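One structure is given here, and the rest of the page talks about it.
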Amino acid sequence: MIIDLINHVGIFFFAISGLLTAADKDMDLLGGIFIAFMTSIGGGTIRDVLLSVEVEWLKSLSYISVVFAGAIVGIIFRERIKEMRRTFFIFDTIGLGLFAVYGIEKSLGLEQYPVVAIFLGVITATFGGVLRDVLCNEIPLVFRKEIYATAVIVGGVFYMIISVLGWFSTEFNAIVSALIIMIIRVLAVWKKWQMPQIREISKW
Amino acid sequence: MIIDLINHVGIFFFAISGLLTAADKDMDLLGGIFIAFMTSIGGGTIRDVLLSVEVEWLKSLSYISVVFAGAIVGIIFRERIKEMRRTFFIFDTIGLGLFAVYGIEKSLGLEQYPVVAIFLGVITATFGGVLRDVLCNEIPLVFRKEIYATAVIVGGVFYMIISVLGWFSTEFNAIVSALIIMIIRVLAVWKKWQMPQIREISKW
Amino acid sequence: MIIDLINHVGIFFFAISGLLTAADKDMDLLGGIFIAFMTSIGGGTIRDVLLSVEVEWLKSLSYISVVFAGAIVGIIFRERIKEMRRTFFIFDTIGLGLFAVYGIEKSLGLEQYPVVAIFLGVITATFGGVLRDVLCNEIPLVFRKEIYATAVIVGGVFYMIISVLGWFSTEFNAIVSALIIMIIRVLAVWKKWQMPQIREISKW
């Protein structure tokens, strides 16, 4: 129940994030809606195809409705807020945390290995953004800059440990793990944390 | 029956369109055939994967045969016709209309929601071209310039309304809807119709 | 049995190839592991999705383990070997031959048409590299330069003919076909063999 809500809220924020990117690329109305759709539904679609389960947005119109709602909010929002980069970053970060936890939870529910579930969480959270970047002909920064996938992995491992220990309810664990992911990402950008480059590591 | 024919004719024209693009990119023979394959089969493959039905070109060799026929016609055709841009545009437009209607019809036959069916029609018609552009490292122009997806949506909505009203046979409705899509696209390019950009809308 | 081994060895070499590319792109540790993952698992994943069978790396942790092993070897290897381009080429070629034969063999086992099986062999062998190139925002050279897919097709046709004639055991046939693919690719690069461009062909 709350897990479904988390998924829809994640879709909403990623739809806004997608629309803002498309607007910056001078796309037209329909182009913006499509990029919003891809960004918010792309990661989950790839996850569902990999898991061989029915793709979510075919099952219920609630998904497409939320994408449209996010896109419309994005269009209105855009002009009011001048500091685009920070806004974009916040929506992207909220979407990241929610999608990661939802992807992990759904994969575990389908009895995947924990390691595989974390991978699928990363795919759910990052591949919408990768599709957005590839379609806008940008280098997907996901794997390059900032602590992005790393935040998902840390949050995912936390989620696993709490699940095994049985400390919190699933719902509470999901929310805490999503918050951990968001906080790590915010801290990483704020404090300019970076993973070491491969070049550096192989010199050790 | 006629729906299958529409699909194969669409594949034929998109294969030509793909080969002509590859030739312009100085690709070799095999590269051209692969781009023709991607352009003509890509959209339908993604649609089938999303619908969890068997991918069409694995079921019958007629699909691969038609791609090869289109590629060969493209190789011969190329030198005869000097005005490449117009030719490319015509084949692309015919493929667009046919694929859109086929995608919508197939999705409705699998009892998808009308809105989802239109989305899958857009995916069938446009994603082959998106794959072609991404593989050629070009910005996919689909969502950026011209009335492209918009034409599919207008034709798709027309198809839905006629289906509900029950005025025409399915076959006749499919042909009329495909023609509407093609005419809108031709008119849009001729009259330079454009969708408003998001930047402009959010200034209202 | 030996076919599974071929698949895992192919994954190992493609993981190294992916990590070396990522290192050259100044990616960080996690980015490198992800590109290694995509390069080595991407082609097989697309093949499995198209065949509507369970994606391999969800079924057993052996796949992910081999990717990590390849990535770690790549990190250590990198600094020792100065002639990166040649090393990269060797690992890429070994992966190519092994993946092509594995993809063909698996497709035939699922009773696909021989032509479709060869296509799926090409997809298995080349799409990991295509994903790697698209994610690094490079033009996928696969269909453009060198005898790459052509080598897979020649090896695939050889494999089919031997299967029909029943000369060798499946295992021996697989190894010989993989070697043929590797040798053609090495010879093609060494002797600078090229397929004719479409431009040239259409002038005949």
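All chains are identified by letter, namely A, B and C, in their written order; residue positions are counted from 1 within each chain.
The rule is short, and it goes like this: contacts are C-beta pairs under 8 Å (C-beta built on N, C-alpha and C of every residue); 3 or more make two chains touch, one makes a residue touch a chain.
Since the structure is predicted, the reported quantities are computational estimates derived from the model, not experimental observations.
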Specify the contact topology among the chains shown, as one of line, ring, star, complete or other.
complete
Tell me the rotation angle, 0 to 180 degrees, that brings the C-alpha atoms of chain B onto chain C, to the nearest 5.
120
Call it same or different for chain A and chain B: same when shared residue numbers make up over half of all numbers used at their interface.
different
Take the average of all CA coordinates in chain A, do the same for chain B, and state the distance between these two points in whole angstrom.
30
Send over the residues of chain A in touch with two or more other chains.
49, 52, 134, 137
Complex contact set, residues of chain A against chain B:
19, 22-23, 25-32, 34-35, 37, 45, 49, 52, 54-55, 57-58, 61, 64, 75-76, 78-79, 134-137
Per the contact definition, I'd like the list of chain C residues that touch chain B in the complex.
49-52, 112-113, 115-116, 119, 130, 134, 137-140, 142-144, 149-150, 153, 194-199, 201-203
